[in-house]
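Only one structure is covered here, and it is reproduced in the block below.
Order as written gives the chain letters A, B and C; numbering starts at 1 within each chain.
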Amino acid sequence: MVRIALITIAMVFVALFIFIPVIAVFAEALRKGVGAYFAAIANPEARAAIRLTLMTAAIAVPLNVTFGIAASWAIARFDFPGKQTLLTLIDIPFSVSPVISGMLFVLLLGVRAPLGGFLAAHGIRVIFAEPGIVLATLFVTFPLAARELIPIMQAVGSEEEEAAIVLGAGGWQMFFRVTIPNVKWGLLYGLVLCNARAMGEFGAVSVVSGHIQGHTNTMPLYVEILYNDFQFAAAFAVSSLLTMLAIATLIAKRFLERRVVPVKQAQDELAVKVAA
Amino acid sequence: MASNTKRSNVLPGFGLTLGFTLAYLGIVVLIPISTIFFKTFTLTWPQFWAAVASPRTIAAYRLSFSASIAGALVNSVFGFIVAWSLVRYEFPGKSLIDVMVDLPFALPTSVAGITLTAIYASNGWIGRYLAPLGIKVAYTPLGVAVALTFVGLPFVVRTIQPVLEDLDQEYEEAAATLGASRLQTFVLVIAPALIPALLTGFALAFARALGEYGSVVFISGNMPMHTEVVPLLIMSKLEQFDYAGATAIAVVMLTVSFLILLGVNVLQRWSSRRLTA
Amino acid sequence: MSIELRNIAKKFGDFVAVDNLNLHIETGELVALLGLSGSGKTTLLRIIAGLETPDTGEVLFHGEDASDVSVRERKVGFVFQHYALFRHMTVFENVAFGLRVIPRRARPAEAAIARRVHELLKLVQLDFLADRYPSQLSGGQRQRVALARTLAVEPKVLLLDEPFGALDAKVRQELRRWLRRLHDEIKITSVFVTHDQEEALELANRIVVMNQGRIEQIGSAEEVYHHPANAFVYNFLGNVNLFHGRIENGRVFLGDTAVELENTHAHAHPETGKAVLYVRPHLLEIVMKPNGKQTFPATVKSINPAGPQVKIELVAEWGDMVQVEIDHERYQALHLEPGANVFLRPKEQKLFVYSI
């Protein structure tokens, strides 16, 4: 009795907040028919937005994943003073509102700021242009890869790496032949999460973009413009692409979790065995 | 032996990776974050106070806090039920729900915003059934709370779920064999173990809701004094190039967020100490 | 290659892992570092390997200071406690790793690598598993793969960290004998760490008993077992009964009984002090009648006749529990029952006296 009541409540709640919105996106997108749907996506402005979104992710994701690898190596493999502080600092972007994240870069690099003014004098526009979008995206996606990689790097342990060194491997040989293969699923996991956020960020990018149509719009921004322009079906058509990306991300996440979690568990079991 | 806790010094790359980590952290996070505090110092007290304590700002704070708390509370109750069902029961569609619970993490907030608005508008899928009852959701504070519930949904579920999974059913069976009723078992055995996770989930959902912009901007209608949340207020100040005002409000928000983060850290340390003791 | 450790010390924070330690290991020896966890034995092994840098002191290989020689160039083979096999590589690739990372100029050809790997896998009797992954192997097989991988780079010294620690009892016995034979065959200077005294006694030419970062005794199995240098070593190697008593004017008192003992091995025997008497369970004899001051009374508590020896638990007159092991023949002759009052006669004992 309790069981059925609880399951029903859970299902209604999730349906209300998750499934109905997802279905609504596709229903609204196709409201004016399949032709209008594809026309909305193929529109030059839509294509420009898609291109900028892909470009932003193509810059932000590799940089933040590289950072994630470096940070997790330093933190999981070595002891140094201030490690706890470093971990806290890495988390900062998680606790900053997207609007404020974007605003930071306006304050730092806007035309009225000293640094921004200097760049503008040399013909470099950052704010209300693509570099601002990339920077804001870098900021909001900053902790994602590092946060996934640190615990995995710790769980895998350093014994195999030491073994490689004792067997005569150099630093890069050890890194590419032992470290990376051992954390590859975690790496991919961090990459997927980072990518989803990089392509989907709205608030922070909205502040720095300046809304120049067809030029500095990412897909989430373009959705807003279409919506405010009462082009609802087109707004939802572009939204449907982002929704598919979100669903693909969730599926990839689930798939990768299955491969990442056993690594951690095996290590836990080992630890228990050793302790016993 | 404790080979995992001992750090060896033969592994290469410490200087390189730590150097890169610190430099990148500085450029991408610390320098930008510091500008907001430098900017605040250039404000005079009256300027700061005028921005932070104006009636419009106060109204925005009031709405942001109350709607965020409402959303986090709803998530605590229903998120708990969802987590419980996912861990304890088998039912059709379970793994689909388990995967999709994270949707608010992955869905761009502008998409969430326009979709919720479409659903809850008075001619929308759900809004049309609520309208005859006199309940208006879109363009009211209630709509803000609905959007903030959406963005906070995964937090409570995902913080409680692993704790519930670790909480072996043996404890409940042990309590039952010792003569406890189901209610007693829940209150005395399960609830104490879950409270730290529930509080953490609540705090995370609350913090996320407080800063949320994209999913709120469409459904709220953005009427100053009525449906304007703090991030929206900051945005409109920025659009009017009132950087001083925006900075002052943002600093207050940042401080609150950091305090919540600190609270969550303390909470987690407290609960992990209690569990390992 | 011989190994010499001079004044080695290592701290982790406030914890002294190795405390000013000196040790010489001859070429071709098989040495056990024996101690409890936290005694510094693993740290010492890692220092020899170069995986850990000592705070002070030096490590000499073949008489030459190796302090500035990196791990890569030390030519040591190190077998990790959990083997540290590369989980994403097959057995073959694991063994080949050390050959594949040699700089291109000096690296053997692919055919030579394959030949060498199969040779080593034959040596450890695992050639048929070359294509398996570590997760598909049993513990004992992983151990042997780890050894083959280590030997591939032709190390001058073989270091093993708790080589049998993660295996179950039966496999451990087999592997122990196998390793002994392997060492006889290839005669490589070897050092292994263990907390299992039986393992050390059976396998090693020499045993280094460690405690709190220091060496308590170095010697052959015969020496450390029959001539322990101090109370720690005696206590650590094998079961032992401890009797707390005192010594007054050269006479040992246990409880109120003055016991005059033959065959007492005592060190620095002061006339008066606190005394601890150590007697191994099989060196106590049960008799039915007292024999002057050579015996003391006790009561039988429980009897366990399972096993090669009969284990009997008694309570001495002054309250200490006493373990005695006698053979079945003697047990039959005595007709012991729980509750029986008997007398115990130590055949050989160790007396360690502490001044008050």
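By our rule, a contact is a pair of C-beta atoms (placed from the backbone, for glycine too) under 8 Å apart; a residue touches a chain by one contact, two chains touch by 3 or more.
As the structure is a prediction and not an experimental result, all values here were calculated from the model.
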item	value
Chain contact topology (line, ring, star, complete or other)	complete
Which of A-C and B-C has more C-beta pairs touching across its chains	A-C
Whole-Å gap between the CA centroids of chain A and chain B	17
Between chain C and chain A, distance of the C-alpha-averaged centres to the nearest whole Å	53
Whole-Å gap between the CA centroids of chain B and chain C	55
Numbers and ranges of chain A residues touching at least 2 other chains	159, 162, 165, 274
Chain C: positions in contact with at least two other chains	51, 71, 80, 82
Set of chain B residues in contact with two or more other chains	1, 3, 8, 10
Chain A residues within the chain C interface of the complex	159-160, 162-170, 173, 177-178, 181-182, 270, 273-274
Touching residues (chain side chain A, partner chain B) in the complex	3, 6-7, 9-11, 13-14, 16-22, 24-25, 28, 63, 66-67, 69-71, 73-75, 77-80, 86, 88-100, 103-108, 110, 112-113, 135, 138-139, 142, 157-159, 161-162, 165, 171, 174-175, 196, 199-203, 206-207, 219-221, 223-224, 227, 232, 235-236, 239, 242-243, 245-247, 249-251, 253-254, 271, 274
In the complex with chain A, residue positions of chain B that touch it	1, 3-4, 7-8, 10-14, 16-18, 20-22, 24-25, 28-33, 35-36, 39, 78, 81-82, 84-86, 89, 91, 93, 97-112, 114-116, 118-119, 125-126, 149-150, 153, 207, 210-214, 217-218, 231-232, 234-235, 238, 243, 246-247, 250, 253-254, 257-258, 260-261, 265
Chain C partner contacts - residues on chain B that touch it in the complex	1, 3, 6, 8-10
Contact set on chain C toward chain B in their complex	12, 37, 42, 46, 50-53, 70-71, 80-82, 161-162
